[in-house]
Amino acid sequence: MSHDGHHSVVIPAPGPEFVPHTVAHHFDTPVQEFQAAKLGFWLFLATEILLFGGLFAAYFYFHESYPETFRLGGRQLDWKLGALNTTVLLISSWTMAMGVRSAQTSQKQKTLMYCALTVLGAAIFMVVKFFEYKAKNEHGLIVFSELFHPYDGATGSIPWFKDYHGVMAGVPHGHLFFAIYLTMTAIHGLHVVIGAGLILWVMKGAAKGRFHAGYFLPVDLVGLYWHLVDLIWIFLFPLLYLVP
Amino acid sequence: MTTNVPVIDVHAEAHGSGSTHYLNCSKGFWSWAGTLDHKRIGLMYLIGTGVAFLAGGLFALLVRLHLWQPDGLLFKDNVQYNQIFTLHGAFMVFLFVIPAIPGSLGNMVLPLMLGAKDVALPRLNLLSFYLWVTGAVLAALAIILGGFDTGWTFYAPYSLYTDQAVVTIGLAVFVLGFSSIFTGLNFIVTVHKLRAPGLTWFRMPLFVWALYATSILQVLATPVLGITVLLVAFERLYHIGIFDPRLGGDPVLFEHFFWFYSHPAVYIMVLPAFGIISELVSVHSRKPLFGYKLIAFSSLAIAIISFLVWGHHMFTSGQSTYAMFAFSFLTFFVAIPTAIKEFSWVATVWKGSIALNAPMLYTLAFLIIFAIGGLTGVILGSLNVDIHLHDTYFVVAHFHYVMMGSIALAFFAGLHHWWPKMFGVMYDETMAKIACGLIFVGFNATFIPQFIMGSRGMPRRYATYVPEYQPYHMASTIGAMILGVGVAVMVFCFVASLFQRKKAMQNQWGGVTLDWLTPTPPPLENFAEAPTVTNEVYDYSTLDYKAMQTPVR
Amino acid sequence: MSAHHDDHSHGALQMGHHHVSSSAMFFNVLVALLILTVITVGASRIDFGSANMLIAMAIASIKASLVIAIFMHVKWDTAINRIVFLSSFLFLSLLFIFTLADHATRRWDHEMHTTRTPVDKQWVYKQHEHAGDH
């Protein structure tokens, strides 16, 4: 295989509805380009695991300290909505896997359809999440309008948590569960939104015919990202909604 | 699946002749600001981290001046003193020591050493640099917003309560973290996928091995720092409570998170320095490295072990006695691979054909200083001794022997070594040697008194102190001034060389790794002909002496 | 291992050697994941005592393994990619193990200097049992 910088390698399009792909000039072969990008993306996903891992470590740490708080807090969440969202994400993960498969087999329309279904799953997930947050807001467990109000150390009451005498009255530091719930689901939700955005971007390229059996790298990578979002939720669901 | 797809050649024109290189191949602001060339990005990193180093150094000099007398000389109150030493620590750690060697020398040299045209992901490389710039701008913004006085460690609960710009600097650290992650990620992929034909793992120069081990740490440890500073910001914004004891939280959890990153971070900083020293002892002694494989594997061993010892920073934090025992015990294991390196370097120099030029002088200075820095680390890793020495100047002196005395000196060594490669010009050797001498003397004069006063109980981070400690502080301040002058001479020497334009040789020092086999300065895509490696690494029998006497064009 | 060309350097196709899973397999995995979700909910209704967390995490881990192996193609991916992704869990487990081990063996006695006996680690809870009057 030649290593001089004077040639560009082009992967031809498999059909008239597709466009060819030019391999970046510093790579010798398409396989090298593919594997380099993929290894890089797996490394990035590893960083995501460790980033979320910190949150999970905090969860377990305080689940150990205040088991009653967590058990009672978990009961304030609607597990049915949680299960619904789990189902939605699992199905969307499946549609994404099918989307990648369609790109691998040069099925342009199917790629677009499965990607669109995945975005739809993301949208449903976020709508359900919105109603969940809304309910927490109404019950005074997370009052979003007062989220960033300053905390008065002297009275010891947190502005966004209004439940000191309500359902969480019997347990220590009732706000802690909801703070962790909010932080974890908000960061996860951000990933859902980013993932949906990436899938829309991939769809733009797919519509132009950029992805086919010869070149489907972006679809593959965005798919991996979406599965990671699903992966994290698989752990969040039992930990938050069905606190063991 | 189709197997025979024709490879289409879209443009087959040849590149320019030897006199064009990466510095002059294109001009204008955007040819630099938008460059994807690893060498130009490396140069921009060099300028950026260099400025951060000078700023951080200036803060250090201010701190030392203030401590000239027991009740303080310069600052109007303790808060201001706290802010200045925090700035010194934060700038040096996050803007200089962590990104400097991988960002500048690593970017410049790694693809050359691998025989590659660039790093594997050039766009991500540029993004890393701009994330660094963003982090630097945010850090500057935090100063404008009133500064921050938490120390570079952002310990909770103080960082949650202080009324300063902690969220902004936290954001800066988060962004700088991802800059570091992307550099590491890029280097791992480059090493795996872009090695020249014949360049097997055990033919890779040790600087590459060191950067590879560093990258593993950057990728696996830095995300935890990211989430930690994010959580501190969230605590300040909406009071999660996990780090805040008033809300049922536990500050010790913060320390766990912080040191899960920040102990490995010590090796993110020092492993590239080890890599530079490994290259330089070999080239400037013109001898193959003693224990090549041992040095390569010890880098990986250090990387792995460094994840098991973070609790040695928390011996007085209230963590469990059992955890402290385990962490102290495991800490001693770090000494094994580290000592293997030190012995291998010394054995390499032994009976070598030593050229006592500026890079080698810095290297020898490193060998002495790092021995002291490493051994005092073993002292501090012992649980019982650390209870006495914790938070004293002994700790300050220890980590400056590693961070400043070892890492910065190795960085300077590498800079002198690759300067002729990067620019095609030579600096004034005499001036460079004088600078090295001043830095070595000034450094030791600064920190030896700190070892002594620390072991006698002088606590760190205090704006004032009891008069008994004044002689040590005065000695330390004088040392810092000498060190400052040394650095100034070195910077002047480098800058002057760019104007004097005294031509360097094609292969200035007689290196045999691929970085010295390409024209000096290297052309845009590094190699006119694709290199194929057939020799073992550091095989000086293949050295082409003609290239050592041919000046650059 | 030669870095510059793959074992499958027979063509310019990126997917020259790439595995394409069958639709049926993907669908079966989806069904398995949904069934396991039902089991997750069901198991949370039964009290296994201190094993509750272990069981919930075990089921979640099986689901995660399915997603990783099949949907994310790790089963057919290169060794280095597998090592990279799985090592993130390994290093994360170090954070968990040391941090939680400290928590589990810590002396949660807020009056350590007066009483020398280990006390209930939920002392904060006891302290705030009547915290209703905030």
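Should a chain be cited, it is by its letter among A, B and C, assigned in written order, with residues numbered from 1 in that chain.
Everything below uses one rule, namely that a contact is a pair of C-beta atoms (placed from the backbone, for glycine too) under 8 Å apart; a residue touches a chain by one contact, two chains touch by 3 or more.
No experiment lies behind these values; they were computed from the predicted model shown.
Specify the contact topology among the chains shown, as one of line, ring, star, complete or other.
If you draw each chain as a dot and join those that touch, every dot ends up joined to every other.
Where the centre of all protein Cα atoms falls, which chain's Cα centre is nearest to that point?
Smallest offset from the overall C-alpha mean is found for B.
Using the touch rule from the top, work out which pair, A-B or A-C, shares more C-beta pairs.
Looking at A-B and A-C side by side, A-C shows more C-beta contacts.
What's the distance between the Cα centroids of subunit A and subunit B, rounded to whole Å?
It comes to 34 Å between the two C-alpha centres.
Please tell me the distance, in whole Å, between the geometric centres of subunit A and subunit C computed from their C-alpha atoms.
Here the centre of subunit C sits 16 Å away from the centre of subunit A.
Of all the residues in subunit A, which ones touch at least 2 other chains?
Counting only residues that touch two or more other chains, subunit A contributes 3, 9-11, 32, 35, 39, 43, 46-47, 49-50, 53-54, 57, 61, 65-66, 156, 172-173, 213-214.
At least two partner chains per residue is the criterion; list those residues in subunit C.
4, 12-13, 15-16, 80, 87-88, 91, 95, 99, 103-104, 124
Touching two or more other chains, which residues of subunit B qualify?
As it turns out, subunit B has residues touching two or more other chains at 1, 5-7, 192-194, 196-197, 220-221, 224, 248, 253, 256-257.
So in the complex, the part of subunit B that touches subunit C is made up of which residues?
1-7, 192-197, 199-200, 220-221, 224, 248, 252-253, 256-257, 260, 307-308, 310-311, 318-323, 326-327
In their complex, what parts of subunit C are in touch with subunit B?
1-4, 10-13, 15-16, 80, 87-88, 91, 94-95, 98-99, 101-107, 124
Which of the residues in subunit B end up touching subunit A in this complex?
Against subunit A, subunit B makes touches at 1, 5-15, 115-118, 120-122, 124, 161, 181, 185-186, 188-190, 192-194, 196-197, 219-224, 226-228, 231, 234, 237-242, 246-250, 253, 256-257, 525, 529-532.
Residue numbers of subunit C touching subunit A in their complex, please.
Counting only subunit C, the residues touching subunit A are 4-6, 8-9, 12-18, 20-21, 23, 26-27, 29-30, 33-34, 37, 40-41, 44, 52-53, 55-57, 59-60, 63-64, 67-68, 70-72, 77-78, 80-81, 84-85, 87-89, 91-92, 95-96, 99-100, 103-104, 121-122, 124-125, 127-129, 131-132, 134.
Show me the residue ranges of subunit A that touch subunit C in the complex, using the header's touch definition.
Those residues of subunit A that touch subunit C are 1, 3, 9-11, 23, 28-35, 38-39, 42-43, 45-47, 49-50, 53-54, 56-57, 60-61, 63-66, 68, 79, 83, 86-87, 90-91, 93-94, 96-98, 101, 104-105, 155-157, 164-165, 169, 171-173, 213-217, 223-224, 227-228, 230-231, 234-235, 237-239, 242, 244.
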